[in-house]
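Labels run A, B, C and D following the written order; every chain starts at residue 1.
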Amino acid sequence: MIFSKELGAALRESLETDDRVVLIGEDIIDPYGGAFKVTRGLSTDFPERVRTTPISEGAIAGISAGLALAGMRPIAEVMFGDFITLCFDQVVNHITKYEAMYNGQATCPVVFRVPSGGHRGYGPTHSQSLEKHFLGVPHLKVVAASLFHDPREAFRGFLEQNTPVLYIEHKLLYPQNLRLPEGGMVGDLMAVKHGSTIGLSAVPRNDCTATVLAYGYQAMLAAEVVERLAVEEEIFVELLVPAQLSPMDWTPVEESVRATGSLVTVEEGTGGWSWGTEIAAVMSEKAFGRLRRPISVVASERTVIPSSRAREAGMLVGTPQIETAILEAAK
Amino acid sequence: MIFSKELGAALRESLETDDRVVLIGEDIIDPYGGAFKVTRGLSTDFPERVRTTPISEGAIAGISAGLALAGMRPIAEVMFGDFITLCFDQVVNHITKYEAMYNGQATCPVVFRVPSGGHRGYGPTHSQSLEKHFLGVPHLKVVAASLFHDPREAFRGFLEQNTPVLYIEHKLLYPQNLRLPEGGMVGDLMAVKHGSTIGLSAVPRNDCTATVLAYGYQAMLAAEVVERLAVEEEIFVELLVPAQLSPMDWTPVEESVRATGSLVTVEEGTGGWSWGTEIAAVMSEKAFGRLRRPISVVASERTVIPSSRAREAGMLVGTPQIETAILEAAK
Amino acid sequence: MTIAPTRIPRQRELQADPRTMGTPEEPRDLRLYRRMRFIRRFEETLLGLFDEGVLNGTTHACIGQEADAVGVIEHVEEGDHIFSNHRCHGHYLARTGDALGLMAEIMGKEAGVCGGIGGSQHVCAPGFMSNGVQGGIVPTAAGIALAMKLRGSDRVSVVFIGDGTLGEGAVYETLNIAALWDLPLLIVLEDNEWAQSTPTELNTAGSMRARFEAFGIPVTETTTTDVAELDALAGNEIAAVRTTGKTRVLLVHTYRLCHHSKSDDHRPEEEVALRWVTEPLAIARQRIAESQWQRIDAEVEAALAEVVATARALP
Amino acid sequence: MTIAPTRIPRQRELQADPRTMGTPEEPRDLRLYRRMRFIRRFEETLLGLFDEGVLNGTTHACIGQEADAVGVIEHVEEGDHIFSNHRCHGHYLARTGDALGLMAEIMGKEAGVCGGIGGSQHVCAPGFMSNGVQGGIVPTAAGIALAMKLRGSDRVSVVFIGDGTLGEGAVYETLNIAALWDLPLLIVLEDNEWAQSTPTELNTAGSMRARFEAFGIPVTETTTTDVAELDALAGNEIAAVRTTGKTRVLLVHTYRLCHHSKSDDHRPEEEVALRWVTEPLAIARQRIAESQWQRIDAEVEAALAEVVATARALP
């Protein structure tokens, strides 16, 4: 159950079950099958509906917009999430506008897949987690892949609804095994579903002393920390891993925080106007007077991502930063 | 002291005093002088350094990047701030990266001027306040014009430093008179400078029951509300109008909130991951346990901006929303 | 997140008032003239209403360019798709005849074609869309063409752009892909010599025609303002796109007789005056009897008066 | 917000090791060969170090394209500016000779030319910059050219792009403006027939040459891999840009002999094999005595061995 393979299978299922689906992106056809090999094999079986493009991110987005307006279901791969910058006009001024500005007379359900994130030494322009700039774009859903969520379910959901989606795939998840909840467990952690948010903890929520909110690759790291702290230090916290980052489903967060009285958010993007700040703002209001301590927002340093592995590790959020923050929050 | 004229004068001063300054943008030369007439007269006097471009926002940004890397001081006008979307790649992956990624061996001090905002019935693609998506871009300063800040000072500051700047000009400010603090007053309000943040209130801070943080056109509206409430209802709050939105200067906010125990932020952009959420997140932490009530973030509805004036007024933040929020916060 | 339309989206029945749109039986010359007259008077009426303060926002009239809209759209069939830009009224009216929906839209009324949300630049009907952000509509139109191709239909996608829009990189990204993929796309480039305040010589290096041909896309170029000629040329182009399934360009050198949006015209008066001589309605009138165009003018006027009265009375 | 460099920015003295860069006195054929050999062996060494696991991130070698870098940059003078892309090592070395700075950079060391922050794709020296985001470097190079023009200097700006980069709209926006404004810009288009896994026929409709000519920009096109020929052609081009102050294009049809970045090559073996026959070093050797190139090879090897040893030992 390697994530990249399961994701490829989800795309295959989409192509098979829904003939409106079109995959579009750079270098996505066989034998190459995409920079991260997610689409390998698909163009051979669906040559018309898996289309490799020139290096034209703006047009990839724009053509996807047209496909979607015409009733198709485009799924666009942006080779590195860093280059979603070139789709920004299409996302903000075209794709997410049409349904509302035409008063419901059209829909434009484009799905963007953006391989994102660092920790691989790819340097300043091939390592970013730029999703924070897309959170809060009206009428856009931002969703993040994680090892705890089945990508097939995600894509089934995307095809069933009409809102454009930005789907964040952290590059370091590709080679990992999925860790889907089975029998209420993920490894040694109890796993509880609250809508599409997965709660992971070693003990029942009421015995947890903090809530940790994380997504993507950071959720994988956080789960390891949570497990280790439980086993080695008898520190118990609940990790919540939402599938959807924006708009947020607040209910599971509220319920957990009501029990724990302490919240920490974790993301790999740079700090400042990030995912976690909205959570901190909203939860500071929703749980006003009921928090034991201020909400802690863990994000990466506010600068470029160095190529040097050593400097990158110092700058990007990773296990050490997560652990420090959880230890503090659990106090 | 009409704002658009003073801004034009600030640009003229920049061209006069610094021969590295180049103005670049669509339709900015005479006799037209820009869609909002801000640059009128400048191309006649500086024909080489005031350059009208084809309709190519991406290249405007990219050419500005090159000018700045080569030691010039480009000031780019994006005709409508809505089209800054087309500069997003240049801002995020080029302009704000160079200094840090070249380890300080280059600087890229591009200034973007973006006429923004609604309340004119220009509809979904010509009325937006998109600055929230640029807040927290590492190594970018986001600055907002207001009636309480001298645009000459702003541009002098931009030319004295090396960080790229996004300068937000709300379109409705253009025809307004500047209201610069004089003798410690702005109209009937006391005006106190805290760095580049202006504090406005009818009574000393310690007698205020809430802090209001607003910028741009909303700051103008908020000042009117603050004045009216003081005069008509004896409700006293302190309005803080920062020049720089990101990164924030927290000190004046902290000091005010320490006195008032209540904070409301106001912005015209859509809600969710907006300017105010970072303020709410940070101040909830900094003032933890010292707030009388949750921080209130006032922003516009999370949808497109309708052309219809009536619908636009319902959707965008304006005086009624500001007043309601202040009344609540001042309790 | 759900966007609740303020009224039930309906297949807008193209309430083609024969007084503004003519009938299939009407001689072609008359019908084409009628439609142009309809567009002209709609826009002139609009500008009047703006001055009166009844409208809000902004507007871009296509006065002087009506022949492009009418000539091209004469050949657009059910299932084809048109994408237009900020200067979209003529295209919209030629396609739908829906003067009331558009007028109400620009007045910001609920009954407007987009409930007053889109306004002048963002309108929508089955097979018709517009967006006021330049450039990005071109790949969108190509995407619609790709959908047609994937469905194996012989439908075509038509996109209208202005000369100034050749400044946007999105156009070239799309030309490349449209040519590589053989998309059934017709680009109608209305070169009206100006982009807002900027003349083409300050905006456009080299040759407009060559910009398309460099991608292997055939270009048909004309300077005519005669709707009959445009009708014929466009007929050929759309037929060619329909049968070959390949992208083509119709490059029309025309002229905008009004200001860009409102009260923003610095062009030399003589330059504009000269173009009034060859404006499409004047040319079209030469083909038809005076009594006929006078009758048509009167019918259009009556129909528009009703539209304005009805629109004004709308909530 | 202040970005504190980890080391004092210095005018990097171009520590041109005569063993890798030659000397002004050395016969031109030999110097050009030497520089190509230097670049070739630097990259081969790099790929070896990657396999060894000493390096991090990614890299794009220009093996097979060295003649473009060396031939063009032979004519770049003090005060001129080069902008390069993801495949920048050859350009950087031909300009600076700074093998140690680049090696240390790719190793992620403090002593790297950008303190290990930029890495393989983002390097910088006086008059040289690169960025791995395609397209956007082209307007940037034009902006640098505009600065030169505004200062009244006769300096030129040179930007290297690949065939695949013709997909990006930013290129065309820039061509238009560069031509309109007469910017002293030389675009060197290295068409190596592939963009990552995509052959030019899937990426590029129509004619590469015509894409520039459509904007009125002259193109000089060649299929040579002979550095002497490229040297001559580039000399003409840069001189023409310098004297006319206008944008020009040098379109070089070449070939990438290595994989795109690392272990990602699906091209037909025979296709690649054929190109090894005409690769630039083999061609250049035909002009010089075997003893001479053997001596040069040995000198380059010795110099590079020192660089690697020094770089490895760096903190």
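We adopt the following convention: a residue touches a chain if its C-beta (ideal position, glycine included) is under 8 Å from a C-beta of that chain, and two chains touch if they have at least 3 such contacts.
The shown structure was predicted, so the numbers you read here are calculated from the model rather than taken from an experiment.
Any chain bridging chain A and chain B, meaning touching each of them, is among C, D; the list is complete. At the far end from chain B, in terms of centres built from Cα atoms, lies D.
Simply put, of B-C and B-D, more C-beta pairs touch at B-D. Chain B and chain C have Cα centroids lying 37 Å from one another.
With centres set at the average Cα position, the gap from chain C to chain D is 47 Å. For the pair chain A and chain C, the distance between C-alpha centroids works out to 42 Å.
Looking at chain D, one finds that residues 3, 115, 117-118, 122, 131, 133, 135, 166-170, 173, 176-177, 180, 202-204 touch two or more other chains. Chain B has residues 53-54, 56, 58-59, 82-83, 86, 89, 93, 97, 100-101, 123-125, 139, 247, 303-304 in contact with two or more other chains. Under the stated contact rule, the graph of chain-to-chain touches is complete, every pair of chains being in contact.
Across the interface of their complex, chain A is touched by residues 3, 56-58, 105-106, 108-109, 112, 115-122, 131-135, 164-169, 195-198, 202-204, 264, 266 of chain D. Within the complex, the chain A residues that touch chain B are 82-83, 85-86, 88-89, 92-93, 97, 100-101, 123-125, 130, 132-139, 246-247, 270-282, 284-285, 288, 291, 293-297, 302-304.
Of all residues in chain A, those touching chain C in their complex are 22, 48-49, 51, 53-54, 56, 58-59, 61-72, 74, 89-90, 93-94, 97-106, 139, 141, 163, 247. Here chain B touches chain C in the complex through residues 26-27, 31-32, 35, 52-56, 58-59, 82-83, 86, 120-126, 303-304, 306-311, going by the rule given at the top. Against chain A, in their complex, chain C makes its touches with residues 1, 3-7, 9, 81, 114-115, 117-118, 122-125, 129, 131, 133, 135-148, 150, 157, 169-170, 173-174, 176-177, 180-181.
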